[in-house]
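Chain IDs A, B and C follow the sequence of writing; residue 1 opens each chain.
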Amino acid sequence: MRPHLQYTDNGKLRHFLSIEGLQKETLQQILTTADKFTQFGQRDIKKLPLLRGHTVVNLFFENSSRTRTTFEIAAKRLSADVINLNPGTSSTSKGETLLDTVNILEAMHTDLFVIRHAKSGVAELIARHVPDHVHIINAGDGQHAHPTQAMLDMFTIRQYKGPFNELRVAIVGDILHSRVARSQIHALNTLGVHEIRVVAPNSLLPSQVERLGVHAYNDLKQGLEGVDVVMMLRLQKERMHNAYIPSEQEYFNLYGLTTESLAAAAEDAIIMHPGPINRGLEISSVVADGPRSVILPQVTNGIAVRMAVMAMVLGGEGNG
Amino acid sequence: MRPHLQYTDNGKLRHFLSIEGLQKETLQQILTTADKFTQFGQRDIKKLPLLRGHTVVNLFFENSSRTRTTFEIAAKRLSADVINLNPGTSSTSKGETLLDTVNILEAMHTDLFVIRHAKSGVAELIARHVPDHVHIINAGDGQHAHPTQAMLDMFTIRQYKGPFNELRVAIVGDILHSRVARSQIHALNTLGVHEIRVVAPNSLLPSQVERLGVHAYNDLKQGLEGVDVVMMLRLQKERMHNAYIPSEQEYFNLYGLTTESLAAAAEDAIIMHPGPINRGLEISSVVADGPRSVILPQVTNGIAVRMAVMAMVLGGEGNG
Amino acid sequence: MRPHLQYTDNGKLRHFLSIEGLQKETLQQILTTADKFTQFGQRDIKKLPLLRGHTVVNLFFENSSRTRTTFEIAAKRLSADVINLNPGTSSTSKGETLLDTVNILEAMHTDLFVIRHAKSGVAELIARHVPDHVHIINAGDGQHAHPTQAMLDMFTIRQYKGPFNELRVAIVGDILHSRVARSQIHALNTLGVHEIRVVAPNSLLPSQVERLGVHAYNDLKQGLEGVDVVMMLRLQKERMHNAYIPSEQEYFNLYGLTTESLAAAAEDAIIMHPGPINRGLEISSVVADGPRSVILPQVTNGIAVRMAVMAMVLGGEGNG
């Protein structure tokens, strides 16, 4: 990624494509801005006029009603108009190219595209292409990045565990294919976490993964030893047909988070998961619904963090 | 149903799941509140700020763009933000459980779920589960209940025929499988109608139907004799393949509402139908479009009644 | 079309179904009203309260997320509530008739239906049927008309080329099946353009096309000779299977707009296309993306023109 694609010439956040390439100050600004919106989410009337008259387009080439809903709620709470598009089912199937679709939408004077696509790099490709008044938020591109997910995770860690520089964090599961893990690792490193571990069978670890600034473990209990934060990843069931893992049961036995395997972590460790959960595959229900799980607070924080990023790229909010 | 699941501790309407278990005063309050919104629907600017800053989620596991549209219009006229979800096509197909889906949505600080589901009891299951700030409206669950439909019917009867205690009402069609009929019978009984009749072949009547407080008829003309209100039900065509009725033509001959069969009813009887109509199957076009049909006023009243229920569960409206 | 179906008794625009039957003054009023909204689209806060409290229903029997999006954005910028319906997938599949669907929606006190349908005449059929307070905009019906597309084209021509009465315009492509071409020809004639040419193989020209007030050409270069405006049509690929054209390559060789074929037109001719573009079939990328292409301004103008038509039929805007 070009170093400054995500910033304007005078250092304002213009696009939000990837944690990689962002300064520590920007991540901290997102967390601080989201703080304000979190308090706001508890009010009775959850409506701010910040983005009134702006049009947010949820452009989900890859379907995800859950992530789309969080962006839709965040945008509406900021009083934006929201257009939901799932171009897979319409114009691109008429043979229109990706950039034609984007050109058309920006010609309608829309202001912000929230883009999800099954191919890595699509959000960046579009960001390179759009004129100054259009902003791009990456809502997940292939196996590359899912930066708003990573930032809601950082927000949740800070909320429950305090300063990053004293924390040990383990990310468990399919690191190899996970855009979530990639963004989490960049965010944890940028914010100066004490130690990041990744835990997975070798078949689900990128080669030379340690270059990302992490320690790799094949054994779950060793990987969880003493950590303050356990970040589980969702296992795509289709991986099993591709021979990355032997069977659901065997995977759960070795890498599933249960009361037993969790015992290795610090006593007050929190459990995170980006959802949706495969109960009994990567996590047991007892742990997912237990007192140390912060899976639902992650969802709540996701609204505030997405409001913060939208407000920062579109308005002056949090820029100063 | 637990007697007080639908009320808060101090007697306010919290959820709207089923007419069964509601007090007469609550039904009357819905009718009175809807009165105000009916007048409002005729104004040029149909927008009230009552639910501004609230988020209504239309969670339609069973698809129905018509019912969904009435709730969407009602919520938007009250200035709520509306999120439409059809989870059948997304997260639950990823293996997420029903309650996980609901947990996620309530974690987003949404306030009201309008739920339709093909299985009886789902709205109640969810209502038992959600925290205090979340409210549930049942938009139809299996063969159990469709209480907003019943209340718009009550509103329409009151509008055209006056006090309930002098009225004879016939419900005609597939009583056995109809959530609409079940809710109508509870509402009519609660509001103290003089007499309720159900008219259907035995194959489409619940066993011991008279326990519901109705008189059963197999003969249409006898059932309609002297009634003030004829409430037709929609016949699900798939019933025919299941041998509940012999053939479309034979069903129409015996139970179809025509000018001829209608002659048995009171001269000023009104004709109701929840829609969509099967013309020529349960009702003739002449009757459906005739001067005694109040099918379209039912639709109009449906908006006002749904606004009333939303305002009552979410706000102070109609609660005193 | 009945001459005055589109006007109220005192000459106000009531429906917008077809350019045919509209007075020159009405078309000019649309252009003037859209002028105001174009300037507005460049503002930071793109929200006007003109249609606040009104409900616009996008009733797209034929799917088109692109055209639907332009109407949705236009309506929301005027502060209307918008309901998107694709009835092909719901009630009409339950056996409800077209007019039942419309009756139901108008009973909900909705104000404006934007209708797209694969059959010619549907928008008019519905307009004849609805009560006074309901307004219809035709967003494309079969091979009949697409009047908002034609008006955004007129707006774009006026913007770039000035007075109509001095202009030569060529429409190139599948004239025979095109609702766009039909509406363009009526609009250009009504606004008094100097000359209209249609360019296509005979298999894609209506018989006796000259009766529409155009000159027909089979040869592209002859047809483009000296024209000020080149309006390309989208070629439906399914036409090829129906033997209207021999092959994609052969069609492009004869009728594709390229730098070479465009050389016949006036030096400052503009290039238009309603989208989506089939690159390399009816137009080369070099021309579509070149300096004389106004394809994206057409999209931008489409929002302003649709806002103008909505404001005129629903409000007093532009009337009087």
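Throughout what follows, a residue touches a chain if its C-beta (ideal position, glycine included) is under 8 Å from a C-beta of that chain, and two chains touch if they have at least 3 such contacts.
The model shown is predicted, which means the values in this text are computed figures rather than measured ones.
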Contact graph of the chains (line, ring, star, complete, other): complete
Interface of copies chain A and chain B: same or different residues on the two sides (over or under half shared)? different
Per the C-alpha centroid definition, the whole-Å distance linking chain A and chain B comes out as 41
Where chain C touches two or more other chains at once, the residues are none
In the complex, chain C touches chain B at residues 52-55, 81, 83, 85-87, 89-91, 94-97, 100, 103-105, 107-110
The residues of chain C that touch chain A in their complex are 41-47, 63-66, 69-70, 72-73, 76-77, 237, 275-279, 296-297, 299-300, 302-303
